[in-house]
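Below are structures written as structure tokens.
Both complexes below contain chain A, partnered by chain B and then by chain C.
For the complex of A and B:
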């Protein structure tokens, strides 16, 4: 018909992805759990970017947040506690065509998976890493995590946790090759979406710490922030996230920030009286491991044969001691 | 302490040797050992001599002697570094027995090896004698003491001031002594000097012509010195090479097998004695579009490989025992989620850090059983260096066909030993297929288990209609997390059935020797050559002994029970620990058997005995032979 091949006709129903295409199983998180907001923002991002669901992989570890891939309608990898990042790196290394997201909790990323976290920053592979930080182990029921505030009573610290909470932002910003660090809270949907979007657009390892409510074990954790939005400081920069008017009206505190300035980013990350929101640091020029490791040649049996034969010659012994010499 | 022999007497003795014209002793085989302090080049000399012999058509097996440290203190008994070369008229399948000829750069490394029982009684020892004139009186007396002791034990000790001899041709004699030694050996064993010269040119190509020339001069100096001063000559007829062959160690063979298998991703973390496989792979992998990833730790290496496999490219990770322990949670995930994965475990002495540079077959049971829950996997063990090459190709194929974890149990003996084998001819079928991105039928389940075999097709990210979330939790065929009764039972059943389906493809192992008799020796892995050689020797004297070697340890082929039942006694020979019944507390109620013996006893309900040790050395055929004779008394 009209000289068009049938496979060349636009099939909107197949090729345009609705929000529902990104929905997986129904979420089993607690009512009021902040993970739900992160899920909604992420699904919306996938829809807006029209990511092919079959070309998108969500990788997670173990914990409440790690159930995330099950609730996405994409490919998913719900692996082992702490090991999401190296799995995601393996997924990405030969599949530049896949969109890779990683969802980790604070125990997952900042405790058992710390080594991987540090090295993932340094490797700087293109992926979005979301730290769902609710300052507590939820799935194992109320144990102190590295980000649990000092003095907090938990099942393993009945007289209050002894150590000051780890600051994942300063840790991340301290690692060589850091290329994208952002912080956001899950209860400001506008900001959450925009930060994840910027992270997705980043060429490299984009680390987003998302402060998250755990209504079950930490119901009052963020009260100071919820009751007084002025404690949240939105980072103001030209290439940062731009708030909608409605959001801007509620969250008025601003910090002017040049997010290409690593030193300034570290200072802001260290603030104790305010919680900075937005993009702390971004450097698109940091080389990515996936690019550095991109094969100079594509694998093919003929290539393997040629390389093998060359090696065989190198280790070869030949009748009458003939054959190639050297190498 | 001073030498009890006066200098005159020693000169006299030496002269007596020299005045004799060289007689040529014809031997079927010889074991030569070259040992030095680390960094003095004994390993290079040994490898070069081994390659030379292989190129002349002799059977060869070389063993590296490696201290655990990079540069252990000089002149220490535990610091020996070097190479042992077994040369034969016919094919050589193992490292052999005690050394016939030893060349040592100092007496201390020599004493260490002597104490370990590595030298044949009466063996010829060629010893660097510069220590006799050392400025340190302590060194002089240590040397003379050792010399006397060795002579008293009946060794034929030939002193050579190698350093003085080398100084005649090069400025820094310490660095060239090893090639001087190759010259000596070339004379003693009538080697083809043209081949050695080629090897030297090859070895020092990158260092330039000047280095090549000085090494050629050292070679000639060694050769000439031996011609003039030594009456020892051995003839090991070299039949020549009729077919193209390769000479390499098992780790290099694993690296080449990886390329041949078509795998494109290898993730690893440095660990002895596995790492050298990654070294060679690093050199060539990018040329075939492959990626070597050195991860931040063993766990990450395994996770990375699993991620790559999940995304469509079956990957491998190479490690050793301690690394296996660290990876075990991820190995369980690969089983649970049915992600194809190849793991090469180059076993070393254990437990814990154990004996990093020495051989052991201690990981068999931990590999098969060492994971929480039921984690069925395929475990295979190469027996030769050639097997190291082919087993990677086979393992990749099995892993992808059965969506399974395949562990290859190599060991330090194979990893560092060199042996010649027929040059493989590349076959396209070895290679992994490209990543399948064709759409799947709507409603495809990620674990669409076949009712009989448990097999299912693996959806790969990018495939339409294949979307699923892989999980290490108990899951249904549809990939859904489920805790209902029956679900875990079903998943475990299908994953186990896959093993049974694979087992049906296995061929019954061959019996070496008669199919029935008084004793069957069962082995696995790198001990094959030594066991078969011992069996051959014992059979020559009419003993009714045979052997069987297992390549697949999990699952095991059918027919093994029937084979074992045809022998009066069955016994495994292994390099892992087992209790000694002679110990006061050990009896049949508490005796701990060697690993394979446990498996055979449990599966076949036969009274399988074992003979094993953990000395960190390849088991010698002579020792196995003595054991066989004592068992059949």
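For the complex of A and C:
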């Protein structure tokens, strides 16, 4: 408001938040779990952007990944299975001033939460949605999720899973109003950080699928990729992410890509022989629901109460011909 | 004088199929008898006396009444001339705030979508309507447009003596015109108070827009603070009383609920934190101050504002009082606003903020906040500005107070000390030289310029002065107000300019001379048509000066002397010729200007030294303005001349140099050619074998690459070596981690926290390799999912099974 924001009035108020300020409880994820890498990258982003911890919310559903808010030193909401997105949308519509992040596992997002996922893409509200995709339900001990590879033996598919795994990228890219889709693996910290940063900078709903290791139940899942970094193809585009020299030396495969081209993004998302990494699609011009729906005046409890009372009075029965309260 | 538009209007009037307006007849030149008598010598002496001392000997003779400057004669009848007035002043903020009736009528005709005859018919009817509307307005200077227009339309229809079919067409056309006129507007003719009237209209609109943008922000703050107080009230022990619970839940259920018991039960539950007393006091105080100011920003409030924003000050003292009052109120308001913003985020820290807010005053307000202080509007007339008030006014205009001064000028009084125009007319120039206030000077004849200046000045975050000559009104000038104001502009008496310090630090961007006819000239001249003494139509070029402007003002009439037709003296000179003379040559000469009297006779009018003195002062001031406005700027001219000389001399030097070069080259070439020819002839003579055209044998050129080969090899080799070094696997005995590639998976830090730790980016490094065994290092390296731990060589040769661990470490080193 006219540069009068309380933060800018007095420089005395300026506080610097260190990485530790964004740390919550000590992580109880297994050693070697990819969630730790995502947590570290996110905390780093918060520090580098100096997000006010009291203005930042992490929302999650149920699963290993859903423990994320506990380990952040910000506000958080550990909700119901599959319902992280609607909760996050509620937070955003009521408090547009907050930075909203959503952490979902592959079961959380792609199975029970699918309906919310589809509509969250279409509504395109400003938030970063991270899909921690380790291809398995870890918290419920080795159950098949929609992204579990075909033939995989799990607790729920003892003879091997029967269906081909779902591709969350092509699903997301198929929904109306999609505005930001990226894929990354958690074991390239440089790329992970930069993709999450771009997602945070995006104006609308930023969907980031993070391929993640589960050392306990899927210890060999990504061996092919770990052993042959050439199978990871970094998307090379002008406004995409630029790798640091150290990372670029290890990961040499590149695919030239224009991330404003939805059709090309869909083709790349469907690649079977290579795993594309980076920003597949970005469109800053898609309208966001939180802006379209932004209330023109602040929600005032007394106004809401007056309106509610008026409506209730139409149905109220008043004993002894007494009028409604306040009359 | 905006003569352009008047002329255009004349043309339009001629083109229009209206009955021809009574065009004033051309003035006549009267032939002098040419007798040089003693009497005329006597008169000349008197004239010289008058010119030098201002005394008229023939005070008994009365000058012809209704004397107009010659160039203004064609405009004697303004009735059928279409010009900037009357004005339509819209009260609806979505419409153009101010527009002339003529231009709106033209727009209506153009927007009608008609073509050909119907369009011309509509135009004719619209012009008739316009003239009728002007006539109706003449009785009072302003009126409600819709009402007046309807009356005029009805009257036109009623008085039209046409056959039915044509009458219905007229009726339709009038309806078109009426529909095209803005609703909810005022129609106003030019008047001495046109400047304050227009300013109010423009500024009210500007303020409304300003408020609109931030009403929502203000409302949010008020609601936010209210929310805090309300939720605090619900947390207090009083909120658990039976009475409060009954009020909240309502009595609809009668006594079904036992509120006493409910209250007792709730009293046992955990008490929520309540606001500390200083904080709630701060919030309550801030909220009250914010709410009280809501009406100033066009919002409802149950509290009365600390001042009336719609109050206009009529003199400088009143403005100072008003400003002091507002300043206090605005400082309190913005202090409350800032406290409110801090409180909303719970960032108010008494240790940090109490002192700051104790000392908070007007100087602390930001530019944005200052723009939100409703300006004090001071409406002044020239007569209300005496010397002491003027001093106070200068102080105000040099401060950063948002004070807008509309100074209406209505006379060119003479300053008793200098003979220059009295200083209200010079105030704008003086304030411009201060450099901090927005300044506009102009005349009431150009409402568009006024409107633009008013909206820029209203938006200017600081003081503004609008100095406007709106005509003298009744009693002063012979001319109608519009012509009076327009001729002040034409005569350079009050040039139009704008000085806006918000446009940058440079004079060239801040200062604009605008709307002045022929700004590159000192005076403006125009063609004057008349019947010469022989009765033939004739024309000459006449210059319009400040003297012509003063001639029209009755208060200055005694400084002019209308000469007899018969007086023919060489000592009499037209003013322009007189001004062109050296001061020494002006002795014994009397300048005159041309005027036309009511009988359409051209008269020569002699002027005295007072007029001349003010005229020279006006010319000086105009020259200074030209310089300031970048017209024929003397600094630029000098610089230009210097640069031109420099460039020309450089060019000449260059030319000479080139010429010399060419010549010497030519000489050299000639010499070489001669030498070669001589050598060839000599060679052929010596060898005897003549092969014409064969080149003279010479040693094969030494190849540069051969000479520098070893150096080149070195050059190539060096980077290769470097690259090797760069790519070579780092083989060190010390253990290390590629920390930038670490994925923070917690493996190593959980396995051997005494060896491994996280850095400030939460990536692992070896904190202390000696605190653990080599075996631990190798196990961690094997476990690391991204294989970035390099165990190096064992430190302790006594460690068990060292050979096995060294072998297992091999792949990671």
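Note that the second predicted complex is superposed on the first by the 284 of 327 C-alpha atoms of A that agree within 3 Å, B and C clash if a C-alpha of one lies under 4 Å from a C-alpha of the other, contacts with A are read in each partner's own complex, and residues count from 1 in each chain.
Quick note on the criterion: contacts are C-beta pairs under 8 Å (C-beta built on N, C-alpha and C of every residue); 3 or more make two chains touch, one makes a residue touch a chain.
Note that the structure is predicted; figures quoted are calculated from it, not measured.
J.: Is A:269 touching the first partner chain B, the second partner chain C, both, or neither of them?
T.: A:269 sits against neither chain B nor chain C.
J.: Touching A:40, do we find chain B (first), chain C (second), both, or neither?
T.: second
J.: Please indicate which partner A:316 is in contact with in the superposed arrangement: first for chain B, second for chain C, both, or neither.
T.: Touch partners of A:316: chain B and chain C.
J.: Touch test for A:115: chain B only (first), chain C only (second), both, or neither?
T.: first
J.: Report for A:246: first if it touches chain B alone, second if chain C alone, otherwise both or neither.
T.: A:246 contacts chain C only, not chain B.
J.: Going by the contact rule set out at the top, does A:93 touch chain B (first), chain C (second), both, or neither?
T.: First partner only.
J.: Figure out whether A:29 sits in contact with chain B (first) or chain C (second), or with both, or with neither.
T.: Once the two structures are laid over each other on A, A:29 reaches chain C alone.
J.: With both complexes superposed on chain A, which partner does A:190 reach: first (chain B), second (chain C), both or neither?
T.: second
J.: See if chain A has more residues touched by chain B or by chain C, and give me that chain.
T.: Looking at chain A, the partner in contact with more of its residues is B.
J.: Return first, second, both or neither, reflecting whether A:301 touches chain B, chain C, both chains, or no partner chain.
T.: Both partners, chain B and chain C.
J.: Could you list which residues of chain A make contact with chain B in one structure and with chain C in the other?
T.: 296-301, 316, 318-319, 325
J.: Could you list, by residue number, the parts of chain B that touch chain A in their complex?
T.: The touching residues are 51, 54-56, 192, 194-195, 198, 201-202, 205, 240-248, 252, 256, 259-260, 262, 264-265, 267, 284, 286-291, 293, 295-297, 299-301, 303-313, 315, 329-330, 333, 420, 423-424, 426, 428, 431, 461-473, 480-481.
J.: Sort out for me which residues of chain C touch chain A in the complex.
T.: 214, 216-217, 219-220, 223-224, 226-227, 230, 250-252, 254, 337-338, 341-342, 344-345, 347, 352-353, 356, 366, 368-369, 372, 738, 740-747, 750-751, 760-763, 783, 785-786
J.: Can you check the complex and tell me which residues of chain A touch chain C?
T.: These residues of chain A touch chain C: 1-7, 9-10, 12-13, 18-19, 27, 29, 31-34, 36-37, 39-41, 43-44, 186-190, 213, 215, 226, 244, 246-247, 250, 296-302, 316, 318-319, 322, 325.
J.: Please give the residue numbers of chain A that touch chain B in the complex, ascending.
T.: Residues in contact with chain B: 24-25, 53-55, 57-59, 69-70, 72-80, 83, 85-95, 97-98, 115-116, 118-119, 293, 295-301, 303-305, 307-312, 315-321, 323, 325-327.
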